[in-house]
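In the part that follows, the structures are each spelled out as structure tokens.
In the two complexes below, subunit A is the common chain; its partner is subunit B in one and subunit C in the other.
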Partner chain A sequence: MASNAAVPFWRAAGMTYITYSNICANLVRNCLKEPYKTEALTREKVHFAVSKWVDSKPQKSTIRSDTEEE
Partner chain B sequence: MIYLSFNKIIIIIIIILCKIFYSIRRRNRQKRVENNIQHPLSPADAPPLPISESADADAAAASSTTITTMFRQASRLLARSINQQPKMMARAFSTDVPATPTVDSTFVESWKKVIPNMEPPKTPLTFMQPRPSTPSTIPSKLTVNFVLPYASELSSKEVDMVIVPATTGQMGVLPGHVPTIAELKPGVLSVHEGNDVTKYFLSSGFAFIHANSVADIIAIEAVPIDQIDQSLVQKGLAEFTQKLSTATTDLEKAEAQIGVDVHSALNSALTG
Partner chain C sequence: MAMAALRREGRRFAAPLISPQPIRSSLIAEEQAPLGVRSISTQVVRNRMKSVKNIQKITKAMKMVAASKLRAIQTRAENSRGLWQPFTALLGDAPSVDVKKNVIVTISSDKGLCGGINSTSVKISKAMHKLTAGPEKETKYVILGEKAKAQLIRDSKKDIELSITELQKNPLNYTQVSVLADDILKNVEYDALRIIFNKFHSVVSFLPTMSTVLSPEVVEREAESGGKLGDLDSYEIEGGETKGEILQNLAEFQFSCVLFNAVLENACSEQGARMSAMDSSSRNAGEMLDRLTLTYNRTRQASITTELIEIISGASALEG
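Then we have the complex of A and B:
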């Protein structure tokens, strides 16, 4: 069994499967007809806060979001 | 059916030949001692070793009777096992998990002793359906669970066939399919139930086909074909083909390639 046989092109370029799958899903959603498209886009919005921890204390968190912020 | 009776005929012929062989031998050695034939029912894979030990005619004769008797036993065993095989599986699959008992009987009994009039409370385990076991005969319908992250499209639906867009090509799944894990590429999933065919365009995902003819198909996005906008697909295809030719880094190339793949799959789903 070859250990590095025939990796998919996206993995050879450094992309993970989740990234690939999410890109595919986004492209499909962008090609939908009108009422379905807006539904799909609202369904897939994400909103989360990321913070790095240094010396067991969280640093300032950054918000990553698809919803428009004020 | 014809195949089965062919096997039986072969077995019967072998048995008859052995019987003839044996009776000839017995007639030849009528006055000889036929004593050490009380060996156990050993299968024919271990030919008797005593042949090498002594050169006596007696030992040779005894061991040859052993051989013929073993032949008969072996053919009898073979016939029995062949006859039994279609009717019952000799071994359970190693992937079969025995169903955990959903009701704790000691709890229920002690409950009934104290409060005989009320039903014992249900635990979460009782609400769970146990994994369907692998039947010994191939079921007539395939059970499909088609799920998305936000909804369950098909849940335990009995269908005749599904065609999944695996990375290795369109794969048709019928009941009794070999257990398979298939990665899916962007493409069309078609579910065949009698004369109806329902088609969905999947963005990507996996299909798990189990030994008990249950297929779990998971995808991130799945849309019925009529929700796809043709003009947007054409636009996207043109855009990504152009990006592919102008891409510089590996990552950009990969992204553009993904775009081209997805849009061309969408295109063929609309036209095909």
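Then we have the complex of A and C:
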């Protein structure tokens, strides 16, 4: 299907393999029935605060979170 | 002989004089009894005993909490070891690889009171930094957790690339760590990633460990020089992908798995270290309480004795 030089569509769109596999895993988790579905979806929650450092100074941290900010 | 006997006599006289004096003077300096009362107050010692007892209760409770959290996370950490073992079997772990751009990922905790694990991680990171420094080479830090950030800010400010906190707000799961790994991969250029964490061996032993993940280009280079990576060519590749692509996918996935395992193991070590730290502090509080009780009783008995002496000498003065 793909020639040796072509990359898969997701790589061309700028995603890494990790993002690709996470999306696939999310699709699989959504295929479950209740109550396993809610259990599995709790395993997907993401929350952390990352801040890039420029010139020995931390920039404002961006919070990557699935939970709503209160 | 005579001198020794004299010295012994002196000590016998000196000892009872010395012991009440410091107690009395220190108590009078902080005495809280009203002026004019002539007995020695035990209030100060009693307050100290109460606060030490409260602290002991708190540390005991913290130990229980840490023990229960440890139980919950330990099975997950041991199960996650199976994630990266196939990678090590395939690609080998090469701590001694010599590359131009090293990125050191230091994993630490956000909360304190967990013993010395964060300091050991930081110490190993700094040693790694010195080891991989050299002409044309650069080493950068990516810091997970507040404690390592606080320690590394002091002398390695200019080498920090990213710092990540609030990782443990939700229970740790693979999705979170993989998003984190993705962020790191996108923001940082690297030839080799060195992940430093505390591996959990048992409740009392956590050893600082380093895992190395190489970037796909370096894997290609090492494959040419033979060794484990050189055998990669003997594998057949299915699908329409090239070897370079597969290596890239593998490298990203390997980093994500190794990081997941490292974060879990470090969390286990953190809870274990907190358990033993709280345990030893409860024990110290207990010993402190024993010593304070002895002081309290001594002061109490001394004050009773002085009262008795005053009463008796007053009574005998009246009679005589």
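Just so it is clear, the second predicted complex is superposed on the first by the 58 of 70 C-alpha atoms of A that agree within 3 Å, B and C clash if a C-alpha of one lies under 4 Å from a C-alpha of the other, contacts with A are read in each partner's own complex, and residues count from 1 in each chain.
Just so we're on the same page, contacts are C-beta pairs under 8 Å (C-beta built on N, C-alpha and C of every residue); 3 or more make two chains touch, one makes a residue touch a chain.
Predicted model, so just to flag it, every value in this text is computed and none were measured.
S.K.: Does subunit A have more residues touched by subunit B or by subunit C?
M.R.: Subunit A has more residues touched by C than by the other partner.
S.K.: Touch check for A:32: first (subunit B), second (subunit C), both, or neither?
M.R.: So A:32 only meets subunit B here.
S.K.: Which partner does A:41 reach: the first (subunit B), the second (subunit C), both, or neither?
M.R.: After superposing on A, A:41 lies clear of both subunit B and subunit C.
S.K.: Check the residue A:61 against both partner chains and state whether it touches subunit B (first), subunit C (second), both, or neither.
M.R.: In the superposed model, A:61 contacts subunit C only, not subunit B.
S.K.: Thinking of the overlay built on chain A, is A:9 touched by subunit B (first), by subunit C (second), by both, or by neither?
M.R.: first
S.K.: Of the partners subunit B and subunit C, which touch A:53 in the superposed model: first, second, both, neither?
M.R.: A:53 contacts subunit C only, not subunit B.
S.K.: Would you check which partner chain A:22 touches, where first means subunit B only, second means subunit C only, and both and neither mean what they say?
M.R.: A:22 contacts both subunit B and subunit C.
S.K.: Please identify the positions on subunit A that touch both subunit B and subunit C, taking each partner from its own complex.
M.R.: 8, 21-22, 25, 43
S.K.: Which of the residues in subunit A end up touching subunit C in this complex?
M.R.: Touching subunit C from subunit A are residues 1-4, 6-8, 11, 16-19, 21-22, 25, 43-53, 55-56, 58, 61, 63-64, 67.
S.K.: With touch defined as at the start, can you tell me which subunit B residues reach subunit A in the complex?
M.R.: The contact residues of subunit B facing subunit A are 150, 167, 186, 201, 203-205, 220-221, 223, 227-229, 232-233, 236, 250-251, 253-255, 257-259, 262-263, 266.
S.K.: Could you list, by residue number, the parts of subunit A that touch subunit B in their complex?
M.R.: By the definition above, subunit A touches subunit B via 8-10, 12-15, 20-25, 27-34, 36-37, 40, 43.
S.K.: Which residues, counting only subunit C, touch subunit A once they are in their complex?
M.R.: Listed in rising order, the residues of subunit C that touch subunit A are 157-158, 160-167, 169-170, 173-176, 178-183, 185-187, 240-242, 245, 248-249, 252-253, 256.
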